[in-house]
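One chain, subunit A, appears in both complexes that follow, with subunit B as partner in the first and subunit C in the second.
Entry: the complex of A and B
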């Protein structure tokens, strides 16, 4: 009797567990259609010469081989790497400095922090539109920099050297408050006792920061570096809107993202665009795996 | 004795002075940093009220000399179907946030509270979605949406983003906190599984979903790449895509004022969210890494 009851219970529980599948089903079906399937046909398309106009023809690895001698693609790798290094390294340092600044106590801190956070609000499209105006040849940036170099008009965006730099500046401006928040959370998580202990042991503030806090911030540092690098590899909107002619002048702002858009939606060369996407995917996977490696072997941790 | 006390208070005075100076330096640095970072947003807001000739004037005018009221806003609405774009953005965001929250809650609840075959691999699928950047999917997703006959339609604009993997992931985290006893009690009372989800789990998940809702709203409201490629009809554009038309002069007429007005309109809902729900806003941004 007891045995039969138990058996019934087990089957009730087992039947109940199927409900889990029912609950996750809508999401799973959706992602099968709008994630897994496109991911697979993306790889497939990169092996065809599909142009939207005629049915795809299998070309094997031809698209990839063509990319090796494709000047726009090769240039875009340089442009992307330049944008990645140019924007991430200053972002790491400046956002950490900003976090250290706002971690201190001083009057008016909360109000000033709020003002500092304002770049969190606009979308990248808004950021771009504003910076186009700030970078007007006789705009506010010229007013500030112009007198130093003796110019009354600077064509920031049409200059081959200046335009990638100012786009990096716009980028840094728009993301620093976000990474500062991450650093600040990391700093706040360090127990005050550890700092006090270091001070009692005779360390000064600087030593305490370098020897105690910085090692404990390592997971935060890995996170900030990985997220900012992965995001910068996908640089698109700033270059698309701010730079003249979508990624110009003379393609100095044509990132891999812009190439995907150009091949796909300007020239309708979907096969080539898909191949560039796969290359971008490979770059990002490399960054992700480095992050996982750095993040896991944690010699310094509170746990 | 007196001498040493004198000495001591001198030292104390010096320490206090040094602390004052440090605080002053910190304060001045923070003011400088805050002004640099706050300036572009101030520039956007104030320029929308300046005469066109004054926006780029040297030296910069902190307040408009000739206040033009909402002239630039009105001009922006004349130049482009801003109202339509605004509605499109609101419509897309409302639909995407509510469906993603509901379906995300369902899936998160399923993953957290049930054991079933294939659960681990299905959850791994959800996690892998978050690791794959959207640009990789852009081309094949566009081809797919075209096959469905959805290009240049609301369905194409909204459907691919209507459920969020991040939403499922967050909801699963929240659902772990629902006590099993509560669910079992309802089962003993004879409630069906779907009723239990709707009447017990969902209300418990709702408050936790506040920061998730804000993030999903930002994802949708700020989305640029997908609406850019999928919407060609001018009436179907969303605000971020449409407003880029303002970054160039209109038939030789400088339209910096209207472009700043549109930018302000696009940022206003986000600014309000930030002011009223600052904690959830910042929390949500940090867990999602949205700004990146």
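Entry: the complex of A and C
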């Protein structure tokens, strides 16, 4: 009897498993066709000399070896890391602060939230064009900052030092609202009872945040850190549109994404472009894995 | 009986051959998108198919044209007829992808007749040099462009200058006049530029900067030997001229792109518009006049900025009968230069058209024609965009980064030579010319 019941349970579970597979099949097929297949093909291309002048020729790891002495690639690693660190850390902090602000109840909060959210609505290309106008040497930003530094004209985008900073600022401005929403969702998910309990125990608002809310925001933090880092590593559109001559001047804004575009679609060096793509993929995988590992502790969790 | 059977078989084969001969030939055509030209193309293609019922034309306007064409040609799936930028012609030629012009299929008797169609003697050779390799012609121009200087007559008049009289013929003169036309506010901020270069794309280093070098001697790139000579006195002199524009606070890459600034009335003189620039100027209400590109006062070569063009070409890998049909179609597509100029602002410099009253009435073209006949195409070699990128970087290192010119130009020379070496190796590995 028991055996029969067990067998029936196993059969039900198997049927459910089949149905589960059926339900996830479209997503699996979609992933395989649009992600896995290009990934494999891209890796394959990275092992070839493919210049669009002729069919790909197998060269093994030559493209990767060449990258070790490729001036533009090596420079783009520095540029990309600068962009990633410069744009992600301030984004995490500022978006969290914005979320804390909007978590409070105050008159006009919803309207202000809508305004704050507005940079997310247009595409990055449109945002980039807006920044190009703002950053004209005698544009609005110069009108504001110029008097403070005693300059009537500031070459925001053509100064080799200033240009990457400006791109980072534009990036932070455009992505903060998105991450603010994620933090806000995380804050909302924390039961109010926990905050109340902390207050009853004598904690002030700051202590309640640091000792109760922040630890419970760990899953949200891991998500924000991982997603924002991946997106920053893939930085391309701002550098392509805002920076002079796509990644300039003198390549100070040439991220790995820009190198891939240049090698692939400007210079028609598809094998090299594919190799850079694989390296970028590896970078992202490593950094994200480390972030997920560091954030995987369940010491603080509502689960 | 056997003889009868043989006769039947021969008749059947003959009929089959006849049927095959009457099968229409399909010619696939790829063109880049330019709406005013596409409208004329489509009309001419319809006309052509009506006149040639044995030829079907599959006319396609292709987005992301250069990449799509390059990829398709490399994979053997390219179109039979296509228009291609001279910047990339050398690569296609080297790959053996271009079929030589078939004068008979185009309705001429000899190839000399094709050259003569674009001008007698040297003129025809100059016009068609953009697609002539090793003495062989591989296409005819559907859009030929070169540059001239445009003066904003109102801004010149405000400065007490008359472009008709005062427009300088030398770069040295343009620097002086440019300063006279430049306006700055009390803080020294530019409010109006007198003259500025077009800094917006690195390929302009080959189309604008390199011709200034060539005026003084040789081009930076030798397209025959695939070598570069960049760290020399002529390049340094031109680079210094460009640098002075920035150092003297007369212009630079940080300002609105020169063409846009000219049409906004913020730049008095612009030298990188083609004849196609006038509709936008007229729409913007700019009162303009057109002048030759300046030369150095000690120039050894009398030429302006580089000529460039789109050429209609035929895929060398297409079947013979398709190639012939393609050349026939190309002859038809280039038979109405007046319409292309008047309706799409695209110049096809056919000699017979240049002799018409319609062309004589065109007030814009004489300067461009003069520059075309005296000038030359940009150097044609594989790796054009990459070399332009390297040269643009060198320019910015010197002008924006303040680095030592000698060291930077040497770096650039090494980098460009490496690019050219790799491009040539690619061509040789692919079995090209």
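Note that in this section the second predicted complex is superposed on the first by the 262 of 303 C-alpha atoms of A that agree within 3 Å, B and C clash if a C-alpha of one lies under 4 Å from a C-alpha of the other, contacts with A are read in each partner's own complex, and residues count from 1 in each chain.
Following the convention adopted for this analysis, a residue touches a chain if its C-beta (ideal position, glycine included) is under 8 Å from a C-beta of that chain, and two chains touch if they have at least 3 such contacts.
From a predicted model like this one, the values you see are computed outputs, not experimental measurements.
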{"item": "Fit or clash between subunit C and subunit B when superposed on subunit A", "value": "clash"}
{"item": "Touched partner set for A:17, first subunit B, second subunit C, both or neither", "value": "first"}
{"item": "Touched partner set for A:27, first subunit B, second subunit C, both or neither", "value": "first"}
{"item": "Touching partner for A:57 - first (subunit B), second (subunit C), both, neither", "value": "second"}
{"item": "Which superposed partner A:237 touches (first subunit B, second subunit C, both, neither)", "value": "first"}
{"item": "Partner chain in contact with A:136 - subunit B first, subunit C second, else both or neither", "value": "both"}
{"item": "Contacts of A:250 with subunit B and subunit C, given as first, second, both or neither", "value": "second"}
{"item": "If touched residues of subunit A are counted for subunit B and for subunit C, the larger one", "value": "B"}
{"item": "Clash-bearing segment of subunit C, relative to subunit B, as chosen among 21-29, 219-227, 237-245 or 255-263", "value": "255-263"}
{"item": "Overlap of subunit C and subunit B interfaces on subunit A (superposed complexes)", "value": "52, 136, 138, 265"}
{"item": "Subunit B contact footprint on subunit A (complex, rising order)", "value": "16-24, 26-28, 30-31, 33-39, 41-42, 45, 50, 52, 98, 101-102, 104-109, 112-113, 115-134, 136, 138-140, 143, 173-178, 181-182, 185, 227-228, 230-231, 233-234, 236-237, 240-242, 257, 260-261, 264-265, 270, 273-274, 277-278, 280-281, 284, 288"}
{"item": "Residues of subunit C touching subunit A in the complex", "value": "67, 70-71, 74-75, 91, 94-95, 185, 187-190, 199-202, 252-256, 382-383, 385-386, 389, 392-393, 396-397, 400-401, 415, 426-427, 429-430, 432"}
{"item": "In the complex with subunit C, residue positions of subunit A that touch it", "value": "49, 51-55, 57, 71, 136-138, 152-153, 155, 157-160, 244-245, 248-251, 262, 265-268"}
{"item": "Footprint of subunit A on subunit B - complex, ascending", "value": "23, 26-27, 29-31, 33-35, 37-38, 40-41, 43-44, 47, 55-56, 58-60, 103-104, 106-107, 109-111, 113-119, 122, 125-126, 129, 131-144, 146, 159-160, 162-163, 165, 168, 187, 193, 197, 221-222, 224-225, 228-229, 240-241, 243-244, 246-247, 256, 259-260, 262-263, 266-267, 270-271, 274, 282, 285-286, 289-292"}
